[in-house]
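Each in structure tokens, the structures are laid out below.
There are two complexes below, and they share subunit A, which is joined by subunit B in the first and by subunit C in the second.
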Partner chain A sequence: MPEKSYSDRFTRRGLLSAAGLAGAGIALPRRGVAAESTKPDPAITEVQDWQRQLGEGVDKRAYGSPSKFEQHVVRRNVPWLTAAPESAANFTPLHALEGIITPSGLCFERHHSGIAEIDPQKHRLMINGLVDKSLVFTMDDIRRMPRSSRICFLECAANTGMEWRGAQLNGCQFTHGMIHNVMYTGVPLKALLDEAGLRPNAKWLMLEGGDAAGMNRSLPIEKALTDVMLAFAMNGEALRPEQGYPLRAVIPGWEGNLWVKWLRRIEVGDKPWAAREESARYTDLLADGRARQYTFIMDAKSVVTNPSPQAPLRYRGRNVLSGFAWSGRGTVRRVDVSLDGGRNWKSAQLEAPVLDKSMTRFYLDFEWNGEELLVQSRAMDSSGYVQPTKNELRKIRGVNSVYHNNGIQTWLVRGNGEAENVELG
Partner chain B sequence: MPEKSYSDRFTRRGLLSAAGLAGAGIALPRRGVAAESTKPDPAITEVQDWQRQLGEGVDKRAYGSPSKFEQHVVRRNVPWLTAAPESAANFTPLHALEGIITPSGLCFERHHSGIAEIDPQKHRLMINGLVDKSLVFTMDDIRRMPRSSRICFLECAANTGMEWRGAQLNGCQFTHGMIHNVMYTGVPLKALLDEAGLRPNAKWLMLEGGDAAGMNRSLPIEKALTDVMLAFAMNGEALRPEQGYPLRAVIPGWEGNLWVKWLRRIEVGDKPWAAREESARYTDLLADGRARQYTFIMDAKSVVTNPSPQAPLRYRGRNVLSGFAWSGRGTVRRVDVSLDGGRNWKSAQLEAPVLDKSMTRFYLDFEWNGEELLVQSRAMDSSGYVQPTKNELRKIRGVNSVYHNNGIQTWLVRGNGEAENVELG
Partner chain C sequence: MSNWARRLATLVVAGLLAHGAAAAEKPSKMGLGREALPAEVAAWDTDVKPDGQGLPPGRGTVKQGEEIYLARCASCHGEFAQGAGRWPALAGGQGSLKADRPNKTVGSFWPQLAPLFDYTRRTMPWGNARSLSADETYAVVAFLLNLNDIVKDDFELSDKNLTSIRMPNADGFFADDRETAEKKFWNRNPCMKNCGGVPKITSRAGEANITPDAKSVPKVD
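The block that comes next holds the complex of A and B.
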């Protein structure tokens, strides 16, 4: 029996369910971490198939793939969220990740006209507008320039957007999985702009994609000259097609929609373009009908990934709670974790490396004896900003928007170990 | 015409050729980095196919894969090196990598009975021998213990082994590609040994694999208690089958053969086992017939990956030289690069993060005007050790061994930009 119940404190999530992914009813052995080898265990006493026969040779997979036993660890689409799979999102399975690198095959992706499959030999990047000379770069041109690598997160402005009106999707893959954290490699945008020569009235850039949508966004020149990278590689290899192969913008700490993929043109201008994606979309509609526009920075945020609806507790006794924290304003300084819905907090352990504008891994060891938990995490960043509750956000921003929700997430963990997305405000 | 020639200084590589992978004859445009957009460029003036039509939707690839235009970036086997593909190696394409993370699909692999495909539900790790109690761990047991992640390199002791007798394989994938650098996640071996309780005479461990080879190696207890990890994840996701799914040993800085995969048993003893892989193999036969045994540590080493035989220079003018350095004794402190076979050296730029027992990326910007180059790199580590020349190594260790060759590598770059493995001693 649960030792205490939180059922008076939370609102259950609505009827929306991504795919009924929460764990089925499970037995909950209470055991030490390892069993003494006194009872015969067929996994030990019997010779297994893989000890009897030769496995596959190295000639079979020049490019490797995961074990067949890991086929449940995939990106997942939520079909009812968007009109068609070509203008949709695929969510990162955060609950199944370790460390801070998102594997390239599992990286969140979002498209507006599907995945452009571009021949890099035929790809060009043009810079025009308020420059001394318009320039055209081949991929070879870009690859001969001084490059650098950095690990940083890309988060969609709409990540956690369904939560504005209350607990909805059941699983951190769906509530928080519009994010990935990757080692990107590329050249500083500043180097290309220097080559073109900026006119004195150059204040904004327009980045345009080479896909059929021609997705475009406006970017202030100050950010462009600070840390924006034009990336051709991720996690050591060429960009994946769904991440903009052969060239994408990397705009550390700013919303993912700005990170234009299949980048083909940069126009230099003196004011923002008010393109579709920054007027009809990616503006934050407030309660009074006004809208916040050009809200680029992703504020400090965190989520507990284990336990969570897709990763229930399966054993009493020793357990490790874990999750991610990040901030578009700098580094994560501290993450506090509550197991009782915010009444008591403990500081989690942050794992090195803790990097600027990168996801940071946190851990909290705890004992679980079958009591109900209301699990929360709260991030603090190097600017002093503290992640707010959802209700604190709603007071200021209303519930019309789907963007920039960085409120504290709550999971209810029941006595059987299953977890559920609940609304605690 | 080359401005100078080094043909009097080097020995050409022998007849061994992995696959004839050096670039074919190529035109060498001398151009600035970007062209001014004055001439019509069909890649700009014509609408491309990927701008006309919808690309693939997010419902097609739950687990992503590289672009079809990157099919040349793969691991490669050298069939004549070993008897069969099930007891062979697959080499990392170092020349095609960026940053410091090796993508999991491109990670060096070596097997003795092929790739065991293990069901994690049926996998057990037993600890027995000189312990207070023998223990058996399931994968769930291990996953509930406090874990950590770290980026570190795995290098096979035989990496660069063909070079003892002179320049051989043509391409850094083949001369230096028995290495990968990965963010591994797992639990400290010390935590499991503490749970079993070490007897006072416990001095060595024997790690045994669950594959058909039952590959086993002896490990000194001091190392086991310091930084050895039992890993279940790499680069954010479960271990790949060819890297020991579901559990492998991670032994930072020490030769890869010790990093036992598909780990099923650890026996605690008071002396090394003198197993096949540490007597008939992985000993270093000296000129006088004696052999160095249990030579675990991988000393400081580096290689220029660009330019190299698989990555020729394609343009005169501005170019970026790049490569990797690493040391099993600590961090890389400095990498010097020579373009003239060791007469003059320049310090390369090291890219952050520079991590303990991890590969480190270095860069050197240079101008190339078609002259012949003899490209070398020389690593220095935090212990003060300096990477030696091959001849300095041969004086001490002879040429009988195939192991622990960390000598300075030389690439000849010809006037047409093609590069070749040459012997400079």
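The block that comes next holds the complex of A and C.
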């Protein structure tokens, strides 16, 4: 294994730092307990309460929740990032997820004026502008249209946006957690536009939310007619209020801000609206003082979720490295993993299903003997795009871009198994 | 056939062909939804386009705007629109876009004025959205322009003159060019072995020390 020689050079330092931390009361990672057991395991020899007593009956949990032992698996906020929780974001606990579907209650939230609680009986969708006939739809109308389901990721354009100037937040939940991957059910936007009848000069749409932010974004007509969906369900049930109940836009592969929640109106026009969220915000300021505008597509990106700062290595010997990769330009074709800071790479195993514009799960089994690791992953997509390093991105974009930071993430794993968000030069 | 008759015939045939093509492409209707009434469209179609389409009739002066701003906006955006806490600054920052810490405000960054009017009317004041009248919105926007040295103290903004205001950063934006400017990222054969020199750690999140405490989990009700 090419990593070996690199690792060997770090072994002594790794062990030394681990020993120092062990003195400070942090347990050294060991081989699995089973391998070292000398006396019987009370988890086996003692009768547990749950083996003796009746548990709760049906109907105690009419809508089930995770085990009480999983209460740490929650969305988390970084309070200093924003002015108030109603105009803020929280983060998906990527390090605690398995497979590719994000449970609805763990999907990160981003609101501009808090969560609108909309009575679906009072919700209307209006289509007007450059159409033959302005139309109004009820939710019942929409549920009578041909529907389909699709799994795709929603990534906030500002995901990893805090990291442009160097390593800032310690955990993939905070560095990469403004993303979720959900099976949406809804109707093609094209069906509604056809119903209204597009005029020949229809080139852009404006999507508008029914919340107090009235969030509005412009969408090119080509995309709208290709794969945009108006979804009323996620992961098999109605949308959660914080995800736009009763109706939201699903715009596969494109930045999350476009996926207008609580969608109430679509206006058809001939030019983009240059709305606040596509001029003063969600534009990418470059080093020369000019800004890229209408940067819709989310480029290929990946992150190792285990190990990571919130998911340290706990055992020497056999370990499973795991993570997510995704691309707004198509499918993930390959993910390479490095344990030595990008000098040597091995291709990870991609777990089926590998879907277009969906998060993809990857694994790499590896042996770890307490040496320091610099863990990275690098995604390649079906367009041939290769996830760049953060320094390669900065060379082109500078450090004031805020949005679209898809650079390669590095975790330093120390001899005691703890991981830290670091950057390499 | 005379010349004009031939031309007419060509036009008729072309017209028929075009009509035929359009008819062939015409999507079938589901018969769902109903026509929106003019009053309904008027109630919701309140957006303003960059060219000023959709601006409501009205006017407001810098002086009127100052009063409204101090009463209804300054608690978040600061008395001089310099921002407060994490709330955005609305004035200042001109010439800072290339600086280490750019200050992106109405004066330094917004490329067009009509979207600012639209945004203010759409969602401000925060927490009491859509509570400003058209005249009040013109006045507040006029005051913001004045704070950014774009208009004089005696200026009155209205639906008639709004689109004549040129914003300082009007030329500061260009369409997404990643596929050309970042072409080198489409590299089908990235290095796999002995790539680059020995990596050196240049920054650490531990030193930044701004991550919320991992031990304290928010209360789950």
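Just so it is clear, the second predicted complex is superposed on the first by the 388 of 425 C-alpha atoms of A that agree within 3 Å, B and C clash if a C-alpha of one lies under 4 Å from a C-alpha of the other, contacts with A are read in each partner's own complex, and residues count from 1 in each chain.
The definition used in the following text is that contacts are C-beta pairs under 8 Å (C-beta built on N, C-alpha and C of every residue); 3 or more make two chains touch, one makes a residue touch a chain.
The model shown is predicted, which means the values in this text are computed figures rather than measured ones.
A.B. asks: Would you sort A:Gln53 into first (subunit B), second (subunit C), both or neither based on which partner it touches?
C.D. replies: After superposing on A, A:Gln53 lies in contact with subunit B but is clear of subunit C.
A.B. asks: After superposition on the shared chain, which partner residues are touched by A:Glu420: those of subunit B (first), subunit C (second), both, or neither?
C.D. replies: Touch partner of A:Glu420: subunit C, not subunit B.
A.B. asks: After lining up the shared chain so the two structures overlap, which partner does A:Asp356 touch, if you call subunit B first and subunit C second: first, second, both or neither?
C.D. replies: Once the two structures are laid over each other on A, A:Asp356 reaches no partner at all.
A.B. asks: Contacts for A:Leu285 in the overlay, against subunit B (first) and subunit C (second): which applies, first, second, both or neither?
C.D. replies: Only subunit C is touched by A:Leu285; subunit B is not.
A.B. asks: For A:Arg144, decide between first (touching subunit B), second (touching subunit C), both and neither.
C.D. replies: In the superposition, A:Arg144 touches subunit B and subunit C alike.
A.B. asks: Of the two partner chains, subunit B (first) and subunit C (second), which one does A:Asn216 touch, if any: first, second, both, or neither?
C.D. replies: A:Asn216 contacts subunit C only, not subunit B.
A.B. asks: Touching A:Glu372, do we find subunit B (first), subunit C (second), both, or neither?
C.D. replies: neither
A.B. asks: Check whether A:Leu135 is in contact with subunit B, with subunit C, with both or with neither, and answer first, second, both or neither.
C.D. replies: In the superposition, A:Leu135 contacts both subunit B and subunit C.
A.B. asks: Looking at the overlay, does A:Ala275 come into contact with subunit B only (first), subunit C only (second), both, or neither?
C.D. replies: A:Ala275: touches subunit C, not subunit B.
A.B. asks: Overlap of the subunit B and subunit C footprints on subunit A, residue-wise?
C.D. replies: 74, 76-77, 79, 86, 113, 126-128, 133-137, 141-142, 144-145, 192, 195-196, 212, 214
A.B. asks: Help me check something: in the complex, which residues belonging to subunit C touch subunit A?
C.D. replies: 27-30, 32-36, 40-41, 44-45, 47, 49-51, 76, 85-87, 97-98, 102, 104, 106, 109-112, 114-116, 118-119, 122-123, 126-127, 129-130, 172-178, 181-182, 185-188, 190-196, 198-206, 208, 210-212, 214, 217-218, 220
A.B. asks: If we count contacts the way the header does, which residues on subunit A are in touch with subunit C in the complex?
C.D. replies: Listed in rising order, the residues are 2, 71-72, 74, 76-83, 86-87, 112-113, 126-129, 133-137, 141-142, 144-145, 166-171, 174, 191-192, 194-196, 206, 208, 212-214, 216, 264-265, 267, 269, 271, 273-276, 279-280, 283, 285, 287-297, 299, 309-310, 336, 340-345, 374, 378, 380, 383-388, 392, 396, 400, 412, 420-425.
A.B. asks: Give every residue of subunit B touching subunit A within the complex, in rising order.
C.D. replies: Counting only subunit B, the residues touching subunit A are 33-37, 41, 43-44, 48, 50-70, 73-77, 79, 84-86, 88-90, 96-107, 109-111, 113-120, 122-124, 126-128, 133-138, 140-141, 143-149, 183, 185, 192, 195-196, 210-212, 214, 232-233, 235-242, 245-246, 262, 314-315, 317-320, 351, 353, 355, 361, 363, 365.
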